[in-house]
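Have a look at these structures, which come just after this line.
In the two assemblies presented below, chain A is common to both, partnered first by chain B and then by chain C.
Then we have the complex of A and B:
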């Protein structure tokens, strides 16, 4: 036993890489082999309830602040939130504070349109805006003078001609703000420069690594819950999937009856993440046992 | 010299005082400036800064290749990537869509490059983290001292608590984990190995017996559920630590801003 642990202590890192690779690949290729129940986190529930409390015709500002590298983690939550909003007949306004944001927003909207779940129209039910340079200063401008920085939408149509833009002048004209964030500017800047001073409810979905920085705002109520990384996305996808399935049966007027509802991508990826985390914990335990025997050997 | 040094400091100080006074003086013109004009100026300057950043990147990597500095070969790929994307953004678009909107046209070369080259590459880079984190945690998460043990315990609980597998771990596993951590902490105090292992097994059996007597298998207390422990770690110790760091950063920003506004901090001028 002692010999086994001592040998394990000097294991080649390529072996670890191989095992991690397999632990991720197998559940992704064969999700049925590792099906795990998803428990809803309290913060995800708060986000869901905050959006569920919105009414038909309410206006929600979505901010896309992530890029290609963080897409697998944040993008599924963006799609799930969009589905939830459109199923309630809520008007969606999309801004991007990262250069890659508009492409991410377009990919998310393309996915929604391709799903054929909703009869939505650009400029009437949703509107997208291009990237604006300036980070937190853009947030401050949105808070004070939205039309000062956004003169036209993503399709170069002047905003005065868009029916969805009627009555939108600053952040207080929105009923809710949701931020998809993977860095700076992100949810902290939305709290500091716009939503807290102007008292507009704000929620956020972010990468797992950002959660520790965002949690103080969640605990103080400045952020209404948080979707924390891939698990948060999977939990939200599950809740939206169940909600949409119920609404489809209840003949929700915003959902196409002949459309298929899918569970989402994060939902499928959670098994892979679970197995990988478990493997890491096993490595840590074995590594410590090896460390213990090594120390004992040295006296 | 005057333009580079004194004028820059004068502009920096006057703008700093002007922007700051808007929040303290009840003067509508000043307030209008800080709320509307100054942010617009900032955005214009930031736009130019992005342009300067591109020029700087080009200059830096061209110099590296010309002088054949260390790892100059990688700079060729950086320059190639930069130039190819510039060509597809400003020279060749492959679609009839006007210049500008073509960047978002799915059929344009630029969009194709982004979607099928950059996006998978960036995702791959991020995914590599999983391998390095696994290897690093295996080597670094060791019970060396009290602080390292705390880090290890919270790390393991967060790793398990954030994924579905954490919710299916039964209460008795968590009990054994608690007892193991406790004995790991006091291991150095007990010299006799036999006494140590017998007491470890006895305490485990006692706790498990107590758990079955209290029917923890039907109504598990929250402190024995890994997702609940994870939520508590995030809500209490992590929040306390984050707040302390945030307050420290805020005080640092105030001090640094004061130094900039009063002209004492000149590193931003390239000193």
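Then we have the complex of A and C:
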């Protein structure tokens, strides 16, 4: 046993990389081989309930603060949240505080439109704005004077001519703010510069690495729940899938009856995530045992 | 064989992804090339974006509204940010670089002033308020509140260096260390989870671009890279000998 652990300790790191790679690759190629149940976390439930409590015609501001590098984690939650909002007839306003934000927002909206689930119209049911540099300064401006910084939408149409923009002057004109973030500016800046001072409910979906920093805001109620990385996205996708399936049966007027509802991408990715985690836990245990035996050998 | 801009884009995407992943084998020319391309493209992209999305419409759009046509009215006060922006560029001229300090002073002062209030409000006052034990809640929640209070208090004691960490102070600071360790462990766990998520995203793309529709981009580039890396590795070891 001791010999095994000593040999294990000196294994080439590239072998570990290869095994981790295979643990991700195999469940992605053969998803039927590993099917693990998804349990809904309390923070995801709070996010879902907060959006479920919104009414038809309410206005929700979505902020896209992620890019290509964090797309696998955050993008599925953006698509799921958009589906949830449009299924309730809620007006959606999209701003981007990261350079790649408008591209991500466009991809998410294209996915929603391609799904043919909703009869939505640009400028009437949703509006997108281009990237604004400045981070927290832009958030502060949105909080105080939205029209001071946004004069045109993503398609260069003056906002005065858009029906959806009637009555929008600052962050208090929105019923809810949802932030998809992968760094700075992100949910902390939305809490500090806009939603705390103006008392507007805020929720967030963020990358796993940001979760421990955001949890204090969740515990204090400054954030209404949080979608934590890919597991959070998968949980939300599952809840939205079940909700949309029920609403389709109940003839929800905002959902096209002939449309197909898909489960979402994060849902399918969770098996790969879980297998990789399991392998890493095994490596950590074996690595520690190897270290222990090595130290004992040295006396 | 199909050739269009989308296919070319996909081949570049696969090549760049595999070049970056090749670092797992070791530092090599593929990784170096992709790293330099990434830095250059990112800098160029952000520069163009900031110019056309921010400086051109928001600054020049207010100084020359009719020419730019960004929807703003003429506002002479925007001459000040224009001057401050030019001052920043003076850092490139050693004899005039002192002018850049005026612009930097403005940015630092404004950012500090803005952050001061919001940080105290959201991260100190509201967090202190929520660290208090709410006795009207259920037993489990009261226990959680006590745990949070204990964690906050002991972690603060750990960072209190005006008194030697011995006796009661030492014991409390030790509890603080355990709380901090749990926090770091959770952060590390989440960081690992995030990295695996990114790997999943890359693998998904590589799998979907392996098909005939994309001229078998992934297998062709992967095999070519393995062969070239093998030759390069062999030649490097020969040179070392």
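As a convention for this text, the second predicted complex is superposed on the first by the 299 of 299 C-alpha atoms of A that agree within 3 Å, B and C clash if a C-alpha of one lies under 4 Å from a C-alpha of the other, contacts with A are read in each partner's own complex, and residues count from 1 in each chain.
In the analysis below, contacts are C-beta pairs under 8 Å (C-beta built on N, C-alpha and C of every residue); 3 or more make two chains touch, one makes a residue touch a chain.
The shown structure was predicted, so the numbers you read here are calculated from the model rather than taken from an experiment.
Peer 1: Once chain A of both complexes is superposed, is A:140 in touch with chain B (first), chain C (second), both, or neither?
Peer 2: It touches chain B and chain C both.
Peer 1: Once the shared chain is lined up, is A:205 touching chain B (first), chain C (second), both, or neither of them?
Peer 2: Neither: A:205 stays clear of chain B and chain C.
Peer 1: On the A-aligned overlay, A:152 touches which partner chain: chain B = first, chain C = second, or both, or neither?
Peer 2: Once the two structures are laid over each other on A, A:152 reaches chain C alone.
Peer 1: Per the contact definition in the header, classify A:185: touching chain B only (first), chain C only (second), both, or neither.
Peer 2: neither
Peer 1: Does the superposition put A:25 against chain B (first), chain C (second), both, or neither?
Peer 2: In the superposed model, A:25 contacts chain C only, not chain B.
Peer 1: So in the superposed three-chain picture, is A:101 touching just chain B, just chain C, both, or none of them (first/second/both/neither)?
Peer 2: A:101: touches no partner chain.
Peer 1: Can A:276 be said to touch chain B (first), chain C (second), both, or neither?
Peer 2: both
Peer 1: So in the superposed three-chain picture, is A:72 touching just chain B, just chain C, both, or none of them (first/second/both/neither)?
Peer 2: both
Peer 1: Thinking of the overlay built on chain A, is A:222 touched by chain B (first), by chain C (second), by both, or by neither?
Peer 2: second
Peer 1: Can you list the residues of chain A that meet both chain B and chain C?
Peer 2: 17, 20-21, 24, 69-72, 132-134, 137, 140, 149, 208, 211-212, 216, 219, 228-229, 231, 273, 276-277, 280
Peer 1: Which of the residues in chain C end up touching chain A in this complex?
Peer 2: That would be residues 24-25, 45-46, 49-50, 53-54, 57-58, 70-72, 114-115, 118-119, 121-123, 126-127, 129-130, 148, 183, 186-187, 190-194, 196-204, 207 of chain C.
Peer 1: Please name which positions on chain A make contact with chain C in the complex.
Peer 2: 14, 17, 20-21, 24-25, 28-29, 69-73, 99, 130-134, 136-137, 140, 149, 151-152, 158, 191-193, 196-197, 207-209, 211-212, 216-217, 219-222, 228-231, 265, 269, 272-273, 276-277, 280
Peer 1: Sort out for me which residues of chain B touch chain A in the complex.
Peer 2: Going by the criterion above, the answer is residues 35-36, 39-40, 42-43, 46-47, 50, 100-101, 104, 111, 114, 118-119, 121-123, 125-127, 130-131, 133-135, 137-139, 141-143, 152, 155-156, 159-160, 162-165, 167-168, 227, 231, 234-235, 238-239, 241-243, 246.
Peer 1: Show me the residue ranges of chain A that touch chain B in the complex, using the header's touch definition.
Peer 2: For chain A paired with chain B, touching residues are 13, 16-17, 20-21, 24, 36-39, 41-42, 67-72, 102-103, 106, 132-135, 137-138, 140-141, 144-145, 148-149, 154-156, 208, 211-213, 215-216, 219, 228-229, 231, 270-271, 273-281, 283-284, 286-288, 291-292.
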